[in-house]
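Before anything else, here is the set of structures, which you'll find just below.
Next, two complexes with chain A in common: one pairs it with chain B, the other with chain C.
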Partner chain A sequence: MSSGERLRRELYTLRFILGKEMKLWKRYPSRILFIIIMPFLSILTLYFQGMGLVGSTVSSEFESFAGTQDYLMFIIVGSVVFIFVSTAIWGVGNSIRREQMMGTLESIWVTPTSKLTIFVGVALFDGLFSSYVAFMQLLISSVILPVNMLDLKMFVVIGIAFLLIFSLYGLGFFFTGFVLIYKELEDFTNMITSAIKMISPVSYPLSVLPTPIAFLAMFIPLTYALQAIREYLGLGEYGPFYQYMGLLLLFDLLFIIGGSLFFRYAEKKAKRSGIIATH
Partner chain B sequence: MQPIRDLTIKDRLWPILQVAKYELIVSNLRYPLRILTRFIGPILWIVPFLFFGKAVLGGTDSTTLYELTGISHMPTFILVGTIITSISFNMLWLMSFAIRLESYRGTFESIYSCPINKFTFFLGKLVASVVWSSMYIIGLLLLGVLYLDVQFVWSSLPEMLLAIAFLFLSMYGFGLTVSGFLLVYKESHTIIHFLDGLFSLIVPMAYPLAVLPSALQKVSLSLPMTRAVIASRNIIILGEPFIEQWQHISVLCIYIFIVIPIGYKFYQRMEKRAKMMGVLHKY
Partner chain C sequence: MAIETKDLTKTFYRRNGLIDRMKHRERIEVKAVDGVDLEIREKELFGLLGPNGAGKTSFIKLLSTLLLPDRGTASVNGWDIEKNSFEVRMSIGLTLSSERQLYWKLTARENLEYFASLYLVRPDEIKQRVDDILEMLDITAQGDMLIENFSSGNRQKVALSRALLNDPPILFLDEPTIGLDPSFSKNFRKLIKKRINEKEKKTILLTTHYMEEADLLCDRIAFINEGRIVALDTPENLKKSIDEKEIMTFRLSRASKDMIKEMKGLEPIHDMEELDQDDSVVMKIFTDSASACIQDVFDILTRHGSQVISYVASKPTLEDVFIKITGCGLDG
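Coming up: the complex of A and B.
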């Protein structure tokens, strides 16, 4: 088969995967509402905490850590970008488990389609869906909270977050492999998502963290995406923008390769030990 | 109908302990990663609030917090809130999701055909929840003593534990009600996650109730976890006697003496409805 024909077939398959994902969301419409509301609830929680501790949305102490007094804008940007992380981990990372729970894993596994195409389809859908949810967060925040996040610059922010996606999908492949071997991973996924949120500068600057934890944050691509975005928006003083972008692309490459290799290993192991379809 | 034989206390306790054993030991040993997540979960839950508090305060004491609550030490304030909310959310998940979880695990039919009533089954889940929650309390108290320099009136600890015991019982009725609802409504995960997120927002875990809009304050005050958080803080941080918390404890008592029977009736009604609709075993 020529490479052109192959590409045409893969794109054809991709179209159906996108359709399948869309059908799933339509089947459970309240879940869409839930996905839109949940990130905003976490922004509100920190907003109320800030109000309870300092009585306003600015803090001079926060400036000494982050280079900006506006902690509310800081956490909204962090939460919006974090949506891409959690969607990638829950979407791609748990796609195998989801199919298993729905009883459709075997049907998908035996189709003459590359597994990579299946994951790229899920990833693409998640990326587009995350962008929509991110936009909704900016909109809701601007309407309800004392802040204006509706700026053309936000398109660049979502663009940078999209760059982050590739490394997240590498992480997603890693999770998928883990699910194949260890099965019930909902609690574990929750834990990893919370841990990533805790050690990266989503809601507070890195300088607040103890040194060993801040060191760990250096190995999470989300850190570089957030530094680049906040540098671009002028929310604090960080290093050169292009340096962060370069590091982000490097992590994209490393995570995609590492994640894919681990997934192949896990798939082989699960097939050999006969646990691929067990719960 | 006459029982086949008279049941002793041991006979009555046995199924409760078996359900608890299954939940605590059998199920967790099958998925060992879950044990790890249960221990780390409460720490991951509290730490971001502490770091954020440090970032906006530059330290641990807040004059705004003191003006609103009479408590200035932010980590102590948050720790008590976290202990109570961890217990509440653990119970909410374990009780409300009890039936649905069995359905996901593929054990629903086996449990449903057991000759025990559902009240006993839920009591087993309550016992499991109490054991897990006790570990949370110990873990978080250790964290507070070793790393956060918490400022507790330690002599009031037994009174705070008494308030927590009231919380356990009051959450039982709450859990029964939600569980009944989830029998008919299929998207149980979404609902519990949503409730979890909503309660995280309106229960004054990391901030005082006074910062919420007044409508949310009213909703929050109708919840057993809010009452337990406020009563526990008053007891263990401010050193107020248990008896002075009668307003909060009486709300918990309403949940115990009124919501448990209503919740159980509601659960039975929902179960009947689910059977008639043929959705009992469905996802």
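Coming up: the complex of A and C.
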């Protein structure tokens, strides 16, 4: 088979991976309820939290350390971007874990399709799913809350999020390698996700963090994506927009290469030790 | 040659939990495949027979590129398993013994179409290929049923269908009839032999610990024990390798050393083996003629106060050959 023909067939395989994920997802009816209700719960929690803390969706107190009065818009941006963070980092690893638990991983691993195609297929499904949740959160915010999140600026925000997601998938490859070797990572997943959320400026600006923790945030691409988005949306003064874009590109490169190399190492180690399909 | 291995070796190192590791630094070494040299011809139905844990599945996983060898080489359909893993995967179909190798929440057709795409079947041929295979294995009617509603036997048929999707020249079937009821196993074996091997002309490497299965299906059989090939020949020649024409199998309440020594002194008896089983002893007596020594054997048993629970005289089976070579049964 020529490499062109192989590429064509692997691209076609993506359609079937998406289809399979969608069918498996649909076969559990409770999930339908989940995707209808969850965006409301997430956004309304943020709204009531703001109302409880500052009595309004805007606050001059908040402006003194965040650079903007618009508390609600500040935190919705963080929340929506974080949906992609969580999915990008853990989506592929969790999918591999699910296949391990279902007993289908070896059946997939023995096929000639490249692992990258399988990962991209899973990532596409997760990406579409996250996009839906993010869009619903923005829609709900714009329709029932006093913020407008659906203007043209959102296209630039999506572009920035896109740059961020590449580097996060690099991290995702790294954690997928971890899943192959160390299996059960649920607690680890929760810990890392919580740590990223705490260190990076998802729910609050970096200025509220103690200096050593704020220093750690410099090594997380999410920090630069959020700073760039908030700068662009005028939600405070966060510094040089294009410099943040450059840093995001650098993280993309480093994390994708590093994550891929680690995954290859982990796959080889799993094949040597025979632990690919063990639980 | 369809498959060729030279000195193929795979060792696993097992360690317990962290506390145990701190107490005992040494690793437990398990040689799953130990210096295997093997040649399997094109279109041959080759059986790998051995007890659980003998190394059968590890051997298949090495050839399928799911494991990497520590030493030695192997080629499948002319491709090296380490250097040409893509070409090897394009050349093989694999079914594993696990029932959970399919998506239970998808239908048979959905499973097969998905795997056909992973096997890089031409996109415009996927639907037709799936229809053809469902028909070939006589499960077209169940094509749109969820796998979770299938019987174990039909699930195994779908797994076999999946292995045939890319029309590979070589099939690896790992314990294909494990857990199936006897009548379904019989039909399934017929399907493997007549349809897949003889009509479709596939080379098949089949692992099993059922001696009848290996005996009925395989052109040649290799006995594997503790990772090593201990015998290799046609089923007939393997059975002929036992000089004795009959085997007397006794299940006894007990067996003393003196009793066994006395029996070994009987002229028609060539050899004897004893296997302890729970609260009884299974004794096999290898002889040219059971009728010539049966009375003497019963006399000795009576004298030594050993109660006979059951007795069978039979022709040598592959299991007898295996026991004679390895000193242990196929049940491990």
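Criterion: the second predicted complex is superposed on the first by the 257 of 279 C-alpha atoms of A that agree within 3 Å, B and C clash if a C-alpha of one lies under 4 Å from a C-alpha of the other, contacts with A are read in each partner's own complex, and residues count from 1 in each chain.
Note that in this section a residue touches a chain if its C-beta (ideal position, glycine included) is under 8 Å from a C-beta of that chain, and two chains touch if they have at least 3 such contacts.
Predicted, not measured: the structure shown is a model, and the values here were computed from it.
After superposition onto chain A, the modelled positions of chain B and chain C are compatible, with room for both. After overlaying the two complexes on the shared chain, residue contacts for A:Phe215 are found with neither chain B nor chain C. When the shared chain is aligned, chain B comes close enough to touch A:Phe65, but chain C does not. Between chain B and chain C, it is B that contacts the larger number of residues in chain A.
In the superposition on chain A, A:Phe155 contacts neither chain B nor chain C.
In the superposition on chain A, A:Tyr242 makes contact with neither chain B nor chain C. Of the two partner chains placed around the shared chain by superposition, chain C is the only one that A:Leu24 touches, whereas chain B remains out of contact.
When the two structures are aligned on the shared chain, A:Tyr204 is found in touch with chain B, with no touch to chain C. Seen from the Cα centre of chain A, chain B and chain C lie 80° apart once the structures are superposed, a value rounded to the nearest 10.
After superposing both complexes on chain A, the closest C-alpha pair between chain B and chain C lies 6 Å apart.
In the superposition on the C-alpha atoms of chain A, the part of chain A touched by chain B in one complex and by chain C in the other spans residues 28, 102. The touching residues of chain A, when paired with chain C in their complex, are 1, 6, 9-10, 12-13, 15-17, 19-20, 23-24, 27-28, 102-104, 106-113, 118, 268, 271-274, 276-277. By the touch criterion stated above, chain B contacts chain A in their complex at residues 31, 33-34, 36-38, 40-41, 44-45, 47-49, 51-59, 62, 64-65, 68, 74, 104-106, 187, 190, 193-194, 197-198, 200-201, 206-208, 210-212, 283. Contact residues of chain C toward chain A in the complex are 10, 12-13, 32, 58, 61, 64-68, 70, 86, 89-90, 92, 94, 96, 98-106, 110, 113-115, 117-123, 146, 162, 166. Those residues of chain A whose C-beta lies close enough to touch chain B in the complex are 28, 30-31, 34, 37-38, 41-42, 44-46, 48-55, 59, 61-62, 64-66, 71, 75, 101-102, 182-185, 187-188, 190-191, 194-195, 197-198, 203-205, 208-209, 279.
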